[in-house]
Structures are given as structure tokens and as C-alpha cells.
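The structures come next, written out as C-alpha cells.
Look for chain A in each of the two complexes below; its partner is chain B in the first and chain C in the second.
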Partner chain A sequence: MSLGVETRAFRVSPWLKRHETLLALILLIALVGLGAFNDRFLTIDNLLDQGRFISEIGLIALPMTFIIITGGIDLSVGAIVGLCAIMLGYSWKNFGFPLPLAIAFALAVGALAGFVNGLVITRVKVPPLIMTIATLALYRGLAEGISQARSVRGYPEWFYFLGQGSVFGVPTQLLVLIVLIVIAGIALDRTTFGRTLYAIGANETAARFSALPVDRVKLIVYTLSGLASGLAAWVLVSRVTTTRMDMGAGYELDVIAAVVLGGASIFGGSGTIWGTVIGLVMIQLLKNGLALTGVKGDATIVVIGVALILSVLIASSLERRRD
Partner chain B sequence: MKSRFLLATTAALALAAWTTQASAASKWDGADDLPTSPLACGAGEAAAPAAAKPYDGGQPTNPPNKAGKEITIVDVPKLIGIGYFNATSKGMQDAAKELGNVKVTTDGPTEAKIDEQIKFIDNYITRGVDGILFAANDPVAIAPVLKKALSKGVHVVGYDANSTPDAREWFVNQAEFNGIGKSMMDSMAKEIGEDGSFAIVTSTFTTPNQARWIAEMQAYTEKCHPKMKWLETVEAQEDNNLSFNQATTLINKYGDKLKGLFGMTSVATPASAEAVTKAGQCGKVAVVGLATPNAMKPYLKTDCVKSVVLWNPIDLGYAATYAMRAVVDGKLKPGSTSVEAGKLGKLNVVNGSEILLGAPFIYTKENIDKFDF
Partner chain C sequence: MSATTIASPGYARRAAFRRLVGQEALLAVAIIGLAIVVGLINPRFLATRNLSDLLLGNAYIAIAAIGMSMVIISGNIDISVGALIGVLATISGSLAVAGAPIVIAWVVPILVGVAVMAAQGAIVAYLRIPSIVVTLGMLSILKGGLISVTGGKWITDLPQDFHLADLSLFGVPMPVIIMVLATVLAALWMRNSPSGRAIYATGGNPEAARLCGVNPQRTVLMVFALHGLFAGIASLVYATQLRVIQSTTPQGLELTIITAAVVGGVSILGGVGTVVGSTLAAILIAEITSALVFINVSPYWTDALRGALILATVIADILRRQRRAAQGWKR
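Now for the complex of A and B:
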């Protein structure tokens, strides 16, 4: 009898939330632990500084969460960052666009790149993994071809505000990220759009029979992913003051790692924005904390890998025990 | 907007076509249009006398005075785990041991990614070090984080790959373009004679370093080896297969006329040597080029290649560490014209805030086994 009650109580708070609570707990323990080792880690300065570094990955991780919830994936995001960065610099320098127009143009290119992904995935029914591997190569190739591997520099001072400036001491891009996190969180949690994502991921056929606009929603999330990658490119160019065709290389893995660590199932149907945010923060602060504690670069990667596996293992084994 | 776009594209294309044509008339293919400064002929001083250019580096804000005291410095190369930067790192450790009051650690990304490199440097600023040595993955992108280091009173010295000058105090320059141009041409002239004909295998005509080297080679040839004849420059990206094919094509196309091949990249040089070997032209077609020792060892052993031009990365790391120590001790400051660097002797300041390592190093059969990268 008591067992039944427990199961019931568990249903009230779904296991997903548990996963994130556990992750948050692990994060907290890791932070306190690393903070005890190093007095320069848990300082406002350092934490805000890290906020600057997670922004690009974070911006892309939001739509990636949507995509992974639908059971899809987008591996081309890093390449889109490269392409948009190049388009920003190139259109400004070579087409003579005023800089604000060049920025808008780069964002449009990002959205278009994502839209093309979504279009082929929904119309031609190419699996997202294959389509976005293909465009990963394609977009990076375009970036290289257009730029001739040359970089564009010498932006006006105001352009650096987004990537290097701060508002009330908080890095500008972190504020942008926080606003978008809130919007994405509400969209996923409180709107039909969000519920449609879960429905598609849980059972796409059922979603179609329920007359949900499956293809349209998919098209939207892939386009959003491209747009967010364009935004990340803008932030990145502003932060490092130059455009390079290899920008964003490898971002896809960092983004997906954050989303999956945050509890989204790679098979679709589950995941939350708040989990993704914890995953994101956890990876970055672990890297930073370890580096500050004196772990060298090559060893840091190993420790991070082990820490990721452990945290997922602990979280899932605790969940199973509850079940 | 559309017509403006079209107009801009057309204009850009026309301009590109025009510049290519203009340069093809007088320049060797692959050379750029920037002014050249060929060095004096024959053996002698590798560097032109330092042109009086004012100091253009940056300065740290209120660095703690650690003159003569023990300092901790970190070295953040482009990437770790490759032979080249293992060699620079070894040079730093050698220098640290000699100096006795320097502790240097090498740490950096495992891939040559500018974004990762920035994070490494940022973390070390937070952690607190006295000095940062760097080899930039991108001269401009690395500047903001280096400026941040300067603003926190950390000394910054670059080596191998520069940043914008105002983001660091000094840069140890391994080789100037005209020095490389001279070494390449002198080595070739020694092997094929003053009236030999040669061809060049480069990456692309627009790759900045290669274009600069080729321009300097041309200027130096006109000045010092006027009878040597340039046949052709071919593009081979940095692709092993393509370089091999291009070199083979050159050998077949020019036959006996071709006496020498230049490899302008660390890929093109071994590939050209391989092409010469496969064509059975060893001893008939000389190969001179920029390359890393390990790739060239087989060809030097079979005498197919006699000279490989590069700098010595161990010396480069060594000099960078000495420069950092001198900066902290106040011995190397804006306006200095030279710096003492242990066994390397006195190194000259050039270009305002650069320290020149010296003449390029020529790897030969005799000395190449000392290097492993």
C-alpha cells in the first residue's frame, strides 16, 4: 500500500525534474569543492567572466534542446557559426554594407541555413543526423570558399559592446542569453509549441494523427537553430574582434553535450531548458575550476569526461532506485 | 539592395582580375605586391640593421616589481602535443634551468583553436602568473585577452606567431621574410649553380606568409643571383597528394631544364622530395624548402635533399624565456636595441618591438638527428 503511494507521489513530480535537481546538487557540490581548493574560483569576477565564455554555446543550446526533444539533431551549428561570421565580415567589407545591415544579413544567412536543413529534413525525409552532417561540411566549405581563408578585422568600437562590454558589471552577451533562456523556457513549458515538441519526440506518428503541425514545427526549430548560430557568430566576432572561417568548429559537440547532460533524451520526448542551462554551466565551471586548481589542459579533458559520465550515472542510478 | 550587391560583386571581381594581371606581368606568380627589402649578398649579418622604428608594443599596468626574484610564467602555444611546440617548450625549460629563478609551465589547447587558447590565457590571468608567453592562433582574436593580462599587471611576450603589437610587450621573431628569402636562394644557388633554372611549389598564390617569402626571394635573386632563372610557380594547397602531383608535372614538363625545386610549405617540400625520388632525378633536381626535420630525414639520409631551411624552435623557446626574464628585470624596455639571451648571445630588436632570433637555421644531414619534431 505504502509502495503504491510512493509511486503515485513520484508521478506527481516527474523523474525529469528529479534528474535536474540531482544535477544541480552535483553541480553545487563540485562548485563548493573546487572553491575550497582555490580562492580565485568562487569570485564574482571569475564567474561573470565565465558567463562571457558560455554565451555562444548557450545561445545555440536553447534551440538544440528543442530539436533534441523532437528526436532530431543538428550537427551543422558550428559550421553555421563559421558561415555567419564570414558573411558578417565579408558583406561589411566587400559588399560595402553598413555594419548593422551586415549583422542583419549574417543573421538572415544563419536562419536560411537552418531553414534549408529543416526543409530537406521534413520534405525529403532525410534523417537529421545525415542531413546536418552534410551541411556541416557544406556550410564550412562555403565559409572557406567565400572568405578565401582570409579574415576581416578593424570593426568600429561600438561593435565590441556585445562581446566585450558589460551592463551594470554583467557581460552584455550573458544578459542576452539570460533573456533568451527565459523566453525559451516559457515557450517550451507554457505554450502549444512546446507541447508539440514533446509530442513529436514521444511519438511522431501519433502527433501527426493528432493533427499537430509536425513538419511546420520542425521547420521552425531548425530555422531557430540556424538563427541562434548566427547570433552566436555575432557575439563571437564581437568578442574576438575578427572573423575567421574556422570559427565555431567543434561547437556542435559542446552544445549537444550540454543539452544531453541536462537530461534531454537523445531519442526525443524529454528535456528541459533549465536542465540544459545546468548542463551548460556545469561543463564550463568544471573546466574553469579544474584549470584554476592547476589541472593542465590535456588532463582537464579527461577529468571532464569522467565527471560527465559519473554525473549521468549517479543521476540515472538514483532515478532507477526511486522507480 | 540587389543591384548594389551585384555592382559590388562585379567591382570586386574586376578588381581581383586586374590585380592578378598587373602582378603577373612583372612578379613571380605567388609573390605579393608589398615592398621588399632584400638583404646583402653573400654570408654575413642575417638581419638588416634595425630600422629606427619607435617602440610600438603595449605595457602592463603597475606590474609588481620582481626584478631578480623568482617568477612563475606560463607558456600557451597554439596547441600542445606536437613536436614543434614540444621543442619550443624544451627550449623554455633549458632557459629556466640556466636562469634558476624562473618557473615555466606549458599548457594549452590540444587543437589549434583560437577560442580555446583565449580561455586558457583567461584562466591563467585569473589564477595569477607573473608572465605569459604565447604563440597566437590568430593575431587579432587573441588581442583582447592579452590586453586584459597587461591591464592586470601581467607581462606578455609572444613568440612564433605574433599578435597585434599593442597587445603584447615584445615578440620574439624566429625569422624575417627577407632572411628566409636569402637562405632559400643561397642554398639553391649553392646546389644548382648561378645559372640554374628552378620552379616553386607553394600553397596558394594568396597565402600571406608564402607570398611574402616568394616576393623576398625574387627581390634577393634579382640583386644577388641575377642569372638564375625562375620557370614557374604552382599551387598545391597544403595537400600532400596535390603537391606530389604538381612537383611530378614540373619535372616532366621542363625535363633537363629544371635544376631545382623550392617547397614553400612543410607539406610541399617533402612531397617535392618524394616526387624527385620517384622520378629517379635525385642529384639532378635539387630540392630546397621549408619543412620540419622529421618529414625530411629520409631524403637527407639518401642525399636527395641537402638543405632544409627553418629556424630552430628550441632556440626560439629559449630566447622567449630570456626575453621575459629581461622584461621583468627591467633590462628590456621600450627603447632597448638588444637583449642578452644566454648562449644565443645578444639578439637585436627590430620592427619597434620585435626581437630577432637570428638567421634561419639550415638543417643538413649532419645536424638533423638532433631534432625530433
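Now for the complex of A and C:
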């Protein structure tokens, strides 16, 4: 069986490399094109600014890559962002938690929310799609119920460092994201944990028969997804300075689009962190480029929706031709 | 599970029958029980006015849940339907205000609904892209498209005869008539016609369905087209009820519709469920939402309750199936 996975990985990887090269090429062309079209686009300031906006989606896209590689999906990430943002603000304001404790509490809630997803998916065998649709409703509902639509503001100055500050001119949250990208990339490529993800996605039954800890690994990735959503909530609240119950609504679209655009197969078994990063950058550049040319925010969602469907269409037709 | 079915079809049929009757009876009991309990706490809940408002205001959800049930039974999912209903309602209202004949304002949205859903169905069935990806993409296309085209402007001054939902027949309001008619027709069709049975076969086991002469791809395309039809009818009931159409997509509507289908007994693993159940579930959910107001619970808890309800139903369904599968193996 390990032979099976290896031959598959061997077979897939040259194409994946090509896919990423192709993406990087498109990205380069887009960069140059947008730069030629608008002289504000290719400035250091603008690009660093975009790095700020990328971070929340990017943080969640890392564990989402893991999940999609296993053949799963997590639609509840946006709702977890909302719930964590509310828990951060609420526990600080209403429980009187010191702010650092409130942050830790929000992160714990995020991890717990993801853990619950993973637990039901692995123990009860509810399909991830349905489980996370249900918890999408549940977690958003909890955010609404707990907050009663009240927003929280007036955080102390130091709290804004993560979302608005910078280190040597680089936005703080972008640095955090870069560190986590490197860790996630190494974990996926160079560790047993990472290789297990591919094995599960390629053939879950075979992975089980090879005595791989399938359920435990799945539980870990869904928990990581919740934790990352909590982290994204922290970054988001720090960036926009208020806590609202509708925070993170629709994030699942951007996150899944980035991962799929980055070459991860929605059927599981393939995908890389580097691909996801390129997908992420492409989506943000698309948004930013469109915004600079005067397209309003709502129209950019249309473009992302089209990009999502097209990238899956193209990927699957390429795959079929290869077979 | 499939082994059970093959080994003893009679057993499986009886089990399925028990299960269906069980879910629908359970829902009916829950609807009546909840009404009694809330009525005891606050008798105003049982006022005819409140109960009829409750039915009228939520008939469109029940109608849309019929199509959603078919989609889920066929083994797919659709999360774009809420946005689609918003788009169709806007099209309908814009046509009416622009002075188009009322019949056009009623029929065009239904046709557009069928076209959009059939397109999605074709991508899912023939290009083999998972329905979640297609409908997630479509959700954002419809949502973003609607806001950027209309700018979120409200549609007012709708002509008087546009309001189909205000009519009534023998004292029964039109939305209720449409809801009951759609549910009964769809239920009979799904139970008795070959193409209706094909939906269950496709959702239960596409490969087995193919070997029995069912074309799973055509079935999925048909299911999505029908889903578009019901979404169109739902948007008609929804739009003609409103005095002002907000030309935005109703927030979280797709979740309410999916909840109605799942709580109504449609198994998320495909192959099982009825639209009578989904209609009853839509009524129950509306009743719960309304009851919260009457027992002084903040309406902001509605979504959490809905989420808990769908989660509980899904887990119960899967556990029940696993237990039955285990029994099947022993036999």
C-alpha cells in the first residue's frame, strides 16, 4: 500500500510542479499587467498593505489545505472567526478577563469549535461537508446569541499592534503568516504527519490498513482549522478595532478558492502549501487590481466565484486527459 | 448498508417505511406539542392571526425545501438557493415596476431559476465537479452580481395586482395553497413515478442505479432543474408578499432551507427522505422561531437553535443508519 501512495505521489508530483509553475507565471503576468495599468499598484506601500489584508484568509488557508488534501472540507471557518471575535470582546468586556486572557480564551474556543467538528466527523462519521454546514449555522448562531448584536470597541493601544503595527516596515500579521507558512510547508512536505494527509486523501481505506492514525490526524487538522480561525479573528479584530457578530462571514469562499486555485484537488490526495500561497496572492491581487481600476467590492466576489469554478473545471479536465 | 438492502429487500423496505412514517409523525407531534406548550405559557401565540402569519410568511421556505430535498436525496447539496431566491425576487419586482405584464413578472423568474439551476446541474452531472464547489461559486456570483447591479436599491411602488400572495381561494391564502399543492404533487411524483424513484436510486447508489437502467447524470440534471423550478415558485411567493423588495440576498436563507430538508428526514447520505417531511419541518422551524418571541427569548438565538437542530438530526440519522447496518450484518 505504501507503494501505492508513493507511485501516486510520484505520478502526480511532476504535474503539480507544472501547475504551480503555471500559476506563478500567471501571477507574474498579472502583476506586470496590473502594474502597467495602474502606477499605484506596484508600489511597496500598496503591496505591503495587501499583505495586511491577505493575512486573515491566509492563516485559515493553511489548515484548509491540509483538510482538502485529506479529501475533507471545512465550511464553518467564517463562523468560527465570528464566534472567536465575539468571545474575545465579550469575555474582555463582560467577564472582565484581562485582555491577554481573553485572547487565549478566544483561541481556545476556536480550537474547541474545530475539535468538535473533527470529533463528530471521525467518531460519528458525519461527512465533513454536512457537519461543517451544520456548525456554520451553529457557531454563527452562537456568535449572534452571545453578543445580542452588540459590538465591542475601545481596546487598549497595544492590542492594535498585531493588526495595524509593523516590524521593520513589514505588517506584523504578515510576519506571523510567513512564519506559519514555512512551518506548514515543512510539516506537509517533510513530516510523517504531512505524508499521512496525502495517504488519507489518496485512499483512506488503504491508509487505515497501513495502520496510519487516520482519525487522530483528521481530528488534528480540523482542530488546527478552528485554532487558525481563532487566530484570524484576533488579527481581524486588532485590524478593524471593533468586534461584530458578522465578522468572517463569507471567508469560507475566499479560503477554499485560494486552496483550490493553488492546485489542491477538491477530491483529496494532492495540494501544496506553496500552491495555496500563490492562490492566496492571486486572489488578493485580483481584488486589489479590480478595486484600483474602480470595480466595487461586491463585483470582486463574482470574480472569485468564477475563478473557483473555473479552476476546478480546468484542474479536473487536465486530470481526466492525463488518465 | 447496501449489503442489507441486497440481502433482504423486504426488511429494508419495512425499515425505510417505519423510518419515514416515524419522522413525519414525529414532526407533526412536535408541531402540535410545541403549539400547546407555548400556548400555555403565552396564549397569544395561538391567536389565529399569529398562526396564519406564521404559515404565510414561511410557505416559500417549505416550497424551496422541496427542491432542496430532491437535491440532497440525489446525493448532492446546493448552497446557492438563498442567493438565487433573492435574485429572482429582484427580477420579478423590477419587471413589475418597469410595467411588464404581471404574468411576465411572475413567469420570467421561474424560467431564470430553472436555467440557473439546470446549468449548475449540468456542471455537477456531466463535468463531475462536486456540487459544493459549483454552488459555492454560484452563491458568490449571484450575491456579488445582485448587489453590484442593483446597488442594493429597494424596489417600491409595486403594482397592486403583482401581489399574487395576497389572493386567496375559498378563504385559503395563495401561499398555503401553493405550498400544499407543491408538496403533495412532488411527494406523489417522487413516490410513484419512475423518474421520481430514479432520484432515490441515484442518491442511494449511483452505480447500482446505472445498472438498473437509470441514467444518474440525467437524473441529477433533472433534479437541479426541478430545484430551480421550486426555487422560482418560492421566490414568487416570497416577492409577491413583500411591499418593498430589498434587492439583496436574504442572509442565511440557504441554511434555513437545508435545515428544513434535513430535519424533515432527508438523509444527508442521500437516497432517503420525503418532501412531506421537509414541509412539516419548515413549519416546525417557523413555529420555533415565532415561539421564541412569545416566550421572551431574544431572536438572536434563533440561528444557534437552528444550527443545533440540524446537527442533532444529522447525528441521529447517521447513528440510526449505523445501528441498522450493524443489525443487517448480523442477520
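Simple rule for what comes next: the second predicted complex is superposed on the first by the 280 of 323 C-alpha atoms of A that agree within 3 Å, B and C clash if a C-alpha of one lies under 4 Å from a C-alpha of the other, contacts with A are read in each partner's own complex, and residues count from 1 in each chain.
Heads up, the rule we're going with is that a contact is a pair of C-beta atoms (placed from the backbone, for glycine too) under 8 Å apart; a residue touches a chain by one contact, two chains touch by 3 or more.
The structure displayed is predicted, hence computed values, not measured ones.
By the touch criterion defined above, A:Ser151 lies against chain B but remains apart from chain C after alignment on the C-alpha atoms of chain A.
Put chain B and chain C next to each other and count what each touches on chain A; the higher total goes to C. In the superposed model, A:Gly33 lies in contact with neither chain B nor chain C.
Looking at the shared chain after the overlay, A:Pro100 reaches neither chain B nor chain C.
In the superposition on chain A, A:Val312 makes contact with chain C only, while chain B stays out of contact range. By the touch criterion stated above, A:Gly165 is placed in contact with neither chain B nor chain C. After overlaying the two complexes on the shared chain, residue contacts for A:Val302 are found with chain C alone; chain B is out of touch.
Where the contact sets of chain A with chain B and with chain C meet, they give residues 148, 250, 296, 298, 301. Contact residues of chain A toward chain B in the complex are 38, 40, 45-46, 49, 53, 94-96, 148, 150-151, 153, 164, 236, 239-242, 244, 246-247, 249-250, 287-288, 291-292, 294, 296-298, 301. Every residue of chain C that touches chain A in the complex is listed here, in rising order: 77, 79, 123, 127-130, 132-134, 136-141, 143-145, 147-148, 252, 255, 258-259, 262, 268-269, 298, 300-308, 310-311, 314-315, 318-319, 322.
The part of chain B that touches chain A in the complex is made up of residues 4-5, 8-9, 12, 80-81, 105, 107-111, 113-115, 118-120, 122-124, 126-128, 138, 140-144, 206.
Residues of chain A that touch chain C in their complex: 73, 75, 120, 124-127, 129-131, 133-142, 144-145, 147-149, 250, 252-253, 256, 260, 266-267, 296, 298-306, 308-309, 312-313, 316-317.
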